[in-house]
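The next block holds one structure in the form of C-alpha cells; read it before the comments.
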Amino acid sequence: MANIMDVKSAVSLIKDGAVVLSGGFYGNGTPAAIVTEMIAQKKKDLTVANNDGNTVEKGVGRLVAAGLVKKFICTWCGRLPLAPELAEKGEMELEINPQGTFVERIRAAGFGLGGVLTPSGLNTMIEEKWGERITLNGKDWLYHTPLHGDVAIVEADRADAAGNLVFHLTQRAFSVAMCTAADLVIVEVTKPIEPVGSIDPEHIHVPGMFVDVLVPMNGVMNYE
Amino acid sequence: MANIMDVKSAVSLIKDGAVVLSGGFYGNGTPAAIVTEMIAQKKKDLTVANNDGNTVEKGVGRLVAAGLVKKFICTWCGRLPLAPELAEKGEMELEINPQGTFVERIRAAGFGLGGVLTPSGLNTMIEEKWGERITLNGKDWLYHTPLHGDVAIVEADRADAAGNLVFHLTQRAFSVAMCTAADLVIVEVTKPIEPVGSIDPEHIHVPGMFVDVLVPMNGVMNYE
Amino acid sequence: MNSKELIARRIAKEFVSGNVVNLGAGVPQLVANYLAKDVFVWLHAENGIVGMGKASPDLPPDRYRTDAGEMPVSIIPGGAVIDSATSFGIIRGGHLDATVLGTMQVDAEGSIANWMVPGGKFAGPGGAMDLVSGAKRVIVATEHCSKDGKPKIVEKCTFPLTGYGVVDSIFSELAFIKITKDGLVLMETAPGVTAAEVIAKTGAPLAVGSDLREMEI
Amino acid sequence: MNSKELIARRIAKEFVSGNVVNLGAGVPQLVANYLAKDVFVWLHAENGIVGMGKASPDLPPDRYRTDAGEMPVSIIPGGAVIDSATSFGIIRGGHLDATVLGTMQVDAEGSIANWMVPGGKFAGPGGAMDLVSGAKRVIVATEHCSKDGKPKIVEKCTFPLTGYGVVDSIFSELAFIKITKDGLVLMETAPGVTAAEVIAKTGAPLAVGSDLREMEI
C-alpha cells in the first residue's frame, strides 16, 4: 500500500543533494505542486534529470531558476537558456543525453541492467563528452551508465490506494521508467485517490509496488 | 492496417530456415493453430525461441517433436526432455538463456539496442557456454547479443483491424517484446477482429504499427 | 507555390500506406497536409503517440494531447499512446520507415548537423540523434541555401553533427538529391530549375543521375 | 508439524507489509499460507502477475490466470498484470524484497545450486538465475539433508551454480542459518534441536551466533 501524504510531508522526505528524476515533457507531467513545495523547502544541491526542464516558469526549470540545482541532466533545454548560461559560468553542471538514451539509462537503473548500448550519438559531441564507444557483436555502440534516482517525482491522472498508476495520454512518457528507478517514488495524483482494486489490473501503467507516496490533488489542477 | 489472413496463407509467409520468436509460457500464449499449420506445411530448419517449449503435445515442443527445429533457444525445457536428448545426439542445437536475459535480448533487437548487460548467470554455466563477461561502470556483467526474429508468432485476445493488440492476463508475457523484434509479426487472435479504433488508445498492449498479419480465430479456442 | 509547400508536397509522395513516419518541426510537419487521400501513414510523436491526426476543434484543449512540439493534435482511430521507452524503441529499432528533418547542414557523406551552431546557444539534440540513427530512411527537408545564400549542402559538415553518414535523401525547393556511397546524385529538379543551377548552389560535387527527371508536385 | 510446514511457517515471519516476494515451487510456495493476517505482501509471479492470491473457486478456470508453475491463482485487489520484460525488471532491478527458493546445494560462500544435477537431465534455469542475482534477499528453504542423508549445506557447491555468493539466509527443519562474509552462522535452532545436531548435519563450518535462539513458529 502506498502512503498518502500532503505535499509538505511528501517533499520533506527529499534530502538536500538528492538525485531527482522528474517526469514531464515541456513540464506537462511534471508535478507542479511538488516542485513548488521543493522551492518553498529550499531543497539544495539537487541533481535533476528531466527531458527538457521547460522554462523558468513551468517545469523543473523553476528549480534551476531558484538556484537549487547542482547538476541538470536533460535531452534538450532550448526553452531554458538559463541552463547553458549557468553551465558556462561554472555554476551548474549540464549533461546532455539523446532522448532515447536518457529514458533507457533510467530504465536500465530500474531494471538492474548494466547500462545502455546505443547507436545514437556516435561520432557526435555526445560521444566526445559523455559517451564511451564500445565494439560488441561486430558493431560500434555508445555505452552509457544506468541513471538511478534517490527520488522520482511524477504526475499521474489516477491512482488507487495501493499505488497503482494510470497516466493520461502523453503524461505517461518518461514517468513509467522513472517510477522503477528511484529509491523513493512520489506521485502527484490529479484525481481523488481511488479504493484499492478500482483499476483494471490489465490497464495499470505502473504497478503499485513501485510507488511509495501519493500526493492527492483531488482534482485541483495545479499547472503553473 | 494489418493484413487479415487465414492461417494457411499466414503460415505460407514463413520461410524454411526462419528464426521464429514464439509467445507462450507453458504453451499458454503460443498460437496453436499457427503451430499446427507450420507442421502441416513442414517448415524446416527453424530456429525457434520460446520460453520453455512446453511439451511435445502443446506449445512449440510440437515443432521440436516434428523434427522441424534446427536450433531451440529457451530458458527451461523441463517438460520437453526431447530437446536435451536431440541436443546430446547432435540433432538439434539447444541454447539456454536466463529468463530475464531471454526477454531483454528480444527487446534489445526490437528497440535497436546493442545487447543486454546483466548480472544474471555470472559465474555459472551460462557464462561458460553462452555469455561474455564485460566490466563496465566498475562492475562485471554478462553481455548477450540482441535476439531478432525473421518471424514472431503470438496469440492475442483482442485486435482491431489496425493491428492493435490486447492480451488476456499472462498471455502478455514475452509477446510484447516479440512483436517489436521480428520482420514479420503474425498474431492469432482469439476474439473476432474489431473495427479500427475499438480499443482505447491507452489500453493497447502492442501498437498496430508493429503487427503485420492477423489470423482471426473468431472465438474458436484452439488450444491443443 | 512557396518553397516550403513545394518541398512538403514532394516529400509527401515518398510514402505508401502503412508507413510509420516521424515529422520534425517546421517544413517536415507540413508534409502531413499533402499526403494522398488513399495513403494511410502512422504519424509518430516522440512524446508518446503513434497515429497522430490533426487537432480537432471539437476536443477540449489538453496539454497531454500534443505532438513533440507541444502543438495540439488528435489521436486517429487505431492510434496508440506509448511511453518514452517504447517511443524511442520504435525510433532506434528501425520501425520508422522515415524521419523527415530540417537541417542547418547536410553533407556528401550523408552526415547531418541540425542541432547546434558552433558558438551558438547550446540546447541539446532532444530526440534528433535517435531519429537519424534509427529511422530506416532519413529524409532532409531544407531550403537549398541558407538566408545569406550559402549552400546548406556541403562536402563536409562544419557544424556539430547530429549523425554521421545517416541521410538518405535531400529535398529542397530546387531538387531531390540522393546520397550514395559515391556522393551526391541529382535525381530530380524542380519545375523551371536546371541541373546547372542546382550544381552551382550545392557546396559539394553533385553527379547528375542517369534518369534525371522533373519533380512532380 | 512436518518439516515443510515448519520451514514455511518460520519463513513467513520474515516479511513485513509492503514487501514484494517471489516464492519458488515446493516448500517456498507454502509460505503464502502462513503469512500473518495483518501482513500484506505483494506476491510476484515470473509469468506476469504482481499481487497473486489464492485461486478462487468462484472464478472459471483460466490458463492465463496461473502462477509460474501453472497452478491456478487469483489476482488480489490492487494486483497488476505485467509483461515479461517488466516482470524480470522487477526481479533484476532489486524490487523484490526477497525470493524464497528450494535448493539441491547451498554453500558457505552463499552460492546456490538448484537447477541441475551433474550428469542429470539438462533443462535450464528458467528465471532462477535472475531471481538469485536480483532479489534484495535470497532465502533458501530446504530440508537440512538430502534423502540419502547427505548435507545440502556444504563448504563449496559441487553442482552447477545458479548464482555465486548470493544467498542471505537458509531455513531448514533444524535451523535458521545466516550467511556472512565469514561463513555460516547459526541464528536459531528448531524446537528440540541442539546446536550440536545442526553442526553435525551441516557440511561446512558453522559458527554459533552470539544470540542463538529457539525458532518461534
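Letters A, B, C and D mark the chains in the order given here, with residues in each chain numbered from 1 onward.
Methods note: a contact is a pair of C-beta atoms (placed from the backbone, for glycine too) under 8 Å apart; a residue touches a chain by one contact, two chains touch by 3 or more.
The model shown is predicted, which means the values in this text are computed figures rather than measured ones.
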{"item": "Mean-CA-position distance for chain D and chain B (Å)", "value": "29"}
{"item": "Chain centre separation (chain A, chain B; CA means) in Å", "value": "33"}
{"item": "Length of the line joining the C-alpha centres of chain A and chain D, rounded to whole Å", "value": "34"}
{"item": "In chain D, residues with contacts to at least two other chains", "value": "49, 75, 81-82, 85, 88-89, 91-92, 134"}
{"item": "Multi-chain contact residues (two or more partners), chain A", "value": "104, 107, 112-113, 118-119, 168-169, 202"}
{"item": "Chain contact topology (line, ring, star, complete or other)", "value": "other"}
{"item": "Every chain pair meeting the contact rule", "value": "A-B, A-C, A-D, B-C, B-D"}
{"item": "List of chain D residues in touch with chain B within their complex", "value": "45-49, 62-66, 68, 70, 75, 81-85, 87-89, 91-92, 111, 116, 121-130, 133-134, 160-164"}
{"item": "Footprint of chain D on chain A - complex, ascending", "value": "1, 107, 109-113, 160-162, 164, 180-181, 196-197, 201-202, 204, 207-210"}
{"item": "Of chain B, residues touching chain D in the complex", "value": "25-26, 28-29, 51-52, 74-78, 81, 84, 87, 94, 96, 98-101, 103-104, 107, 118-126, 168-177, 205, 223"}
{"item": "Touch list for chain A against partner chain B, complex", "value": "104, 108, 112-119, 134, 136-137, 139, 141, 143, 145-146, 166-169, 202-203"}
{"item": "Chain C residues within the chain B interface of the complex", "value": "17-18, 20, 40, 42, 44, 49-51, 75-82, 85-86, 88-95, 134"}
